[in-house]
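The data blocks that follow each hold one structure.
In the two assemblies presented below, chain A is common to both, partnered first by chain B and then by chain C.
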Partner chain A sequence: MKGTATGLTQRLHQWVRGWGVLPALVLLVTVFLVPVSQLLRLSIIDDTGQLSSEHYLRLFESGLYFRVLGSTFNISLWTTVVCLIAGYPVAYLLATTTGRARSSLVLWVLMPFWTSVLVRSFAWIVILGRQGLLNQILTTLGLTDAPLELIYNFASVIVGMSHAMMPLAILTMLAVMQNIDRNLHRAAATLGARGSHIFWRIYFPLSLPGVAAAGLLVFITSLGFFVTPTLLGSPSETMLAQVIVIQIDEMLDWGFAGAVAVLLLVASIAVFFVFDLVLGMSALTGDIKATNSRRGGSLTRASARFGYRVTAALGWIGAYAGELYDRLPGRGKVQATERRRVILWATVMAVVIFLAAPSFFLVPISFSGSSFFEWPPRGFSLQWYETLFASPLWQQAMIRSVWVGLCTAVLSVIIGTPAAFALSRQKIPAKSVVMAFILMPMVMPHIIVALALFYAFARIGLVGTSFGLILGHTIFSLPYAIVTIMAVLRNYDIRLDHAAWTLGATQLTTFRRVTLPIIRTGMITAFLFSFVKSFDELTVALFISGGTSTTLPRQMWADALLNVSPTLAAVSTLILAFVTVVIICGEMIGRRKKAY
Partner chain B sequence: MALASLHPDRMKVRLTGLRKSYGEVHALRDTSLTVPAGEFLTLLGPSGSGKTTLLMMLAGLIVADAGEVWIDGKDATFEPVFKRDIGMVFQNYALFPHLTVYENIAFPLRMRRMSEATIREKVERILEIVRLPQVAGRLPRELSGGQQQRIALARCAVYEPSIILMDEPLGALDKKLRDHMQLEIKRLHTELGATILYVTHDQEEAMAMSDRICLMNNGRIEQLGTPADLYFRPVSVFAADFLGGSNIFKATVSNVGSNVCLKGPGDARVKADALGSLKVGQAVDVMIRPEHIRLLANDDTSDNAVPGILEQSIMVGPVTRYYGRLSDGTPIGAMHLTRSPHRAAQPGDAVRFGWSQEHTVVIQRAAAVSP
Partner chain C sequence: MFVKDRITRRTMLKSLSVGTAGIMMPAIWQRSEAAQTLTVSDPGGVYTTAWTEAYYEPFKKETGITIIPVVRRSNPSAEFKAQVETNNYNWDVSGGINSDVADLLVASKLVEPLDLTGPEMTAIPADMKNEFYFADSVVTFVLAYRTDRFKEPLTSFADIWDVNKFAGRRAMRRLARDMIEIALRADGVPGGAEIYKVLEAPGGWDRAFKKLDEIKPQVKVWWDSAAQSAQLLQNGEVDICPTFNARAQSAAEAGAPVAVTWNGGFYSATGWCIPKGAPKADLARQFVKFCARADRQAAFTTKLPNGPSNPEAYKFIEQKIAVQLPTFPENLKQTTRVNDAFWGRNKAQSDKKFNEWLLRG
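And now, the complex of A and B:
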């Protein structure tokens, strides 16, 4: 009965392959789910280990934390609004353009995504500061006598945070817009719709799920911000995450920090809940049909009717405006599309400059002779680089960041690849639940996870170790790695494997010579992304690394709190150069392997 | 065809009792099939009829729930794919996108650890055979659909597998290219002498290329035989309807003798050749191919002559199609070579539809028996 035995092994094989997702799950449960649950537990016990509402009473005692919660929501909301409005045209252009223009545009849009929040905040200090670029321009032009207060207020926080979150908003919207059938445009046009009707009645409603998803992601991520409000805001722009950092760093009050974190967590979950109630979670995945028809609530239907009228009205307004414009003497009707395109490009270029340019202003500052962030930089010196390379602290931080980044990237790809294979190819029970769980770290405010890890690791002596840091970073990189590799596998035709088998290749050879070369680009992207994410990561590093064993962002943060000096510009410049090299390598590999 | 050695173990491929279901859906029900060496066998059927499932099981890409696969007289049921020495051409060609044409074709040879010199020689030879020696250095995406198709054939043929499986290999090509590739595949078949199992849902393609056709429906073999068998002696209404045009009427056997008499639609009397096992009073189906039905002129006689009305005639080049109704309203179609217009009957004319009794095919109900 040799046959039966082989059949059994085959079945065992299939069974085992489905469990490729297991390492990822084990990691996420032990380093994410358990610590976060413990954090919740910790917030409801007091110092003696008794069940107590002490921390929560303190939270609700004074109005302070509610005000902070209010300002957190306020800042997040405005950030979201700015990101959506400014990001929409960019996503639209990216979705409707092809070729070289598109790929270079993507590169520039993603620029801030690759550079750390810290570096970007420093850049905004250069631009908005009292002695900064903008004030310099205004006074030179004679528009103002004295420098304006452009920084350390609500507006500067919104600017900084929008700058940070916009790439995420654009990419999320783009994901949905790319799936809108271009033939719908043509169909609408043949049915007699003007450009504005096509946009408002066809394109815009179809793109709304993307807008909703982008809004949700930006809002939730913004809730957990602390770097930007600390560096660019005043005390009245304090956000919840800052309170947590202060409680840990200065007050050493873990229990209370936990309670604040729970408040943040509850706020995030509430946002999710409201989102699901109004739009349905399916909006997140961009499933247009499901969002439109699934919910039958009168509220939803009424808002749908309202939305329809609004878009229809906008369509007519645009159409009339267009007609009027056409009737102006000396205007050719043919150029209507061309004209719209020019306006769109101009808008998008403005947004792209806003996204890409700021970081570069740090480069001249790093060569400044003066010891302040001021524009234009005075004199020329290499002293800041000398300081940097003379300091063992900075050097260790750099080496450690690179090392932790590499390990994180390797770990993410090694654990993420089998998980991606299992998730995209095997039948796994409750696959959508598993997927949602894996993606959870992406949408949960980092500070909560960081805090949870801090508690968990403190108990087993992992705080301050590279290993602890790598584990922490992997939690955040892993979802990205899995999603990236899954995206490649989705386009991968399984019949190529079948073909290789029939041609005489074993499973291992097939993987090595056919599968791997084709999905390699995806794996490299996942690797680079994980590396850069870890390299720039501050939140986890803030709690897990400490003392002498710090990472680069951690060291920058500590330095920035003391004194914003051109040393930081020098580090930022180095990081920019380094990350640029990494991206260019990635692009080159991507170009070479593109378009199978 | 080399159908002489019909002893089971001398068969190239022997499938017995293969079964596969996905949950409630039966992709394949208890199917057995033998294929002699060198035969070109087509698996024909509508989508979902189980033909691709059968092919995949032979390839080893799908594991059967039950049954056995024997290749060259050896049990290969659990043999891994790469050891079966089969070649397969996929519907979308499945050329490796990251390898050049040369490397794609060399792939199976490398898997067989051949020397570099042998590989070059074989690849160059097969490229000559498919008449594309100039594309060796290109990537698959730089080729046209027809070229990709030929490279897929070349990759499959280069290591001379004794069995070649083709899963709708011409599905993505336009009509003209398809006709050309059919000839090309036939030529390769002759040159290589391989056993070919060919999946298609296109009945013309099946008729044009096959030694035998295995007609499948609903996860089962409906009928197995030569193209002529299937065309002239369909064993079921499905088979009659799937291959070629057909007029199918319900009828009752009224007399069995030197020939069979039936009562057809509108009590029309229909004669057929004598056929065993028919009983008087039995309900059957009667099928007549349109090209066997003539529009009878006034003085014409025929074994069968049924009155009706001509409703429409459509000239489609070499042939003209006639659509009419019998006296009870049953639609009937006929097809003739196109003649000069003045002799043709006009729509609205009362006509008689006639055919000789040998062209009346009597199909017994629930009689899907494979030979």
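And now, the complex of A and C:
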């Protein structure tokens, strides 16, 4: 059929039905693909403008760049593993709890989001250092004689990176878990399944799309990191993004920087296709029912069978472990569900403390009399707050960042939602390729995008405008928005729409009354991710927002030049207080509404 | 499937957006367009504070031209290239540029010629200015250490290698140039021209790396960001950490028991460049010349302990501050200038060698 006229019209037809993905593609092609490939073109020409492979040959001259690539992957992999394992119980608890406990938990989980990468890393330096908080506690308690080496190694990099990435993992998984029907539990229990079986054989498989999406997002985002490994690691934890920045800044060798960026890109695309091969895009796109048995490769089917056996086995192991525990002499007759709940809460609290502690730790530092991040803080002073409030620059930066962040978030959700629908509902030709393309901005180091956009925007007068900056930030946040909404759609039974239509609802009513309530969590999560992504972005802001207007990360980063002063802790504390107040107000409004 | 708990995050975001919209209402993009302005980029933070007092405000008072300071990254070479190639200028002139970066910019033909006439420019030593670059200050890479850990002061870079006499944790910079300069000094090569003679002779590089091999196991931290080096000294994470004089002094000023040893230190210049083709290049030249004045350079030293390049500036500086500055005659004679041209030629090779050496574990 391929190649014939009917095949062609059919494919055309598929594209028409998948229109939703077009705005996203148009944006990515014009604001990302074209500018960036013009910059990367430098990697295939030499100084005289002739086609040349010299930059790529340099990659192979020594094992250096491949070793760095290896450590980049290794760090990203471990970060992903830690985020998924530690984040899953938190997401599960959030999805199965209601009311106040839940909203305050969300607040705690989001804590790392509101502090910039730089400040967070310095907080970890003070917590994990030789004379840091943790070592002070350990020696005071007499647990160690000499301070432990907790920092400047692989472990501290993983701690810093998973701290940064965990909210992303938790919220992505939560968005999916929220849509798992609780009645399934009851049905299974009625049929005699034990708690452990219910979890492993029903809940866990249904939550897997969320886990897969979270894993992919965390892994790919981690690949482009470099502030955290630079500040918390040793030279063995060098990441590829660092090499690229050095080539661009110190050598002005954009050709070779482009070659390194291409290496990073190719490696990430390879990972994505391996992901596709093993888990199947179905894990993300949701057409598992339709295609898994037919189209999916043998590997997909094999892994599905394997997965089924593993979850079944885990169910049995859990059930027997619970049984054994109950039979231990001297155990009170505590309900099994109660007991599980206690263990779950304990685990979740540990993770939540890990996530929130550094932010709270910054509060006393912001009142310190010393001009450094120091523990315990010396003296008391309000000078850092005075600096903030006395300077119009800081206020202007803060306001502008919030404004740009909100616009970016709105734009990402508006463009991302139809794209997510098209990608998960429609048969689009070469869907994996489209998907890989959409994820690309996540791996591309910001300095490359910033330079590329500067060249492109300079030609059309967008440099120095808020609109240009918003467009640039949307490129980075769009992939997050699309993947999060897709993960929610994965569990959305389209027959609900059909039922509504049958009952006489128009398409619009169906969307408003059926679809929107279901995907709302996903859209809110997508909004939040996009906002935070923009709120914390530095490099593109430096280039695109032009000379005179500044954003918060720019201002914070400038302040950290000679030493990282408690002004930055004060900024974090203010944002923390602001967000907390907003959330509490939101909840109070919500509760009053409920009362009516 | 029907989520009961629908309040928290939706309402949170609702009130979040309403709240922020409220704050944002006052116009955000008000640009002050005074009669004449000049947009100056600097590295931000304490530089902006010090230079506003020393250069920006006085310049406005004298000429009526308003200076708009903006922040840029510490190494602005990519900014220069992008602005010049697109003919799109975010700023008209940039300060705080290290001499090695300036060399690269000059070699890449990305900068405007300067006006080096007049008495203030004549007073500037020849190695602090050229047709395209004017250095208003000097920063020195010195030996810094915690005084509470050692009975005796450290007197030279060789003491870093003396792990018996000065047992303790070391931090070093993750940069080939500085580490090789230090290693050869510790190996008995006098600073300055001798260093480059050794490196240009056969086996010179091996000698430096062999010396570095000896200290590698003692190095607990390889720092990359200069702010981090100040933090390391301040909170006692390490006991010895060669770094820029200003960073070590900022830790000492915050009350940490930190001292610097000028002996054997090596310095480089930092100063001003104008991106080629900048529309306000003439005003920018006028401003750069203003920065050469002795009294103006003296004025920034109260906030920023960089050494003024104009020797006459010391007439205006208090003795207490003067002794801490890199160009104070007593300090200057103990230190030598880094040969930027040599390192420019050898940067690619030395960086690669050094990074491979670091990764070798």
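What we mean here is this: the second predicted complex is superposed on the first by the 321 of 596 C-alpha atoms of A that agree within 3 Å, B and C clash if a C-alpha of one lies under 4 Å from a C-alpha of the other, contacts with A are read in each partner's own complex, and residues count from 1 in each chain.
One rule holds for everything that comes next: a residue touches a chain if its C-beta (ideal position, glycine included) is under 8 Å from a C-beta of that chain, and two chains touch if they have at least 3 such contacts.
Model, not experiment: these values are computed from the prediction.
By the document's definition of touching, neither partner reaches A:T484: not chain B, not chain C.
Once the two complexes are laid over each other on the shared chain, residue contacts for A:S207 go to neither chain B nor chain C.
For chain A, the partner that touches more of its residues is C, with chain B and chain C as the two candidates. Within the superposed three-chain model, A:R400 lies in touch with chain C and out of touch with chain B [touch as defined at top].
Once the two complexes are laid over each other on the shared chain, residue contacts for A:L231 go to chain C alone; chain B is not touched. Of the two partner chains, neither chain B nor chain C is touched by A:T72.
Shared-chain residue A:F372: touches chain C; no touch with chain B. In the superposition on chain A, A:T115 contacts neither chain B nor chain C.
When the two complexes are overlaid on their common chain A, residue A:P517 makes contact with chain B and with chain C alike. Of the residues of chain A, those at positions 517-518, 593 touch chain B in one of the two structures and chain C in the other. Remark: chain A residues 2-3, 6-7, 10-11, 493, 495-496, 498-506, 509, 513-514, 517-518, 593, 595-596 touch chain B in the complex.
The touching residues of chain C, when paired with chain A in their complex, are 1-17, 19-21, 23-24, 26, 28-29, 31, 39, 41, 43-48, 68, 70-75, 77-79, 81-82, 85-88, 90-91, 104, 108, 169, 174, 220-222, 224-228, 230-231, 234-237, 246-247, 250-251, 253-256, 347-348, 351-352, 355-356, 358-359, 361.
Those residues of chain A lying in contact with chain C across their complex are 62-64, 67-68, 98-99, 102-103, 106, 122, 125-126, 129-132, 149, 151-152, 178-179, 181, 183, 230-231, 234-236, 238, 246, 248-254, 370-375, 378, 396, 399-400, 402-403, 406, 447, 451, 454-455, 458-459, 463-464, 466, 517-518, 520-521, 524, 527-528, 542-543, 546-550, 554-555, 557-564, 579, 582-583, 585-587, 589-591, 593-594. Interface of chain B with chain A (complex): residues 59-61, 63, 75, 77-78, 80-82, 84-88, 90-92, 94-98, 107-108, 111-112, 141, 155-156, 159, 165.
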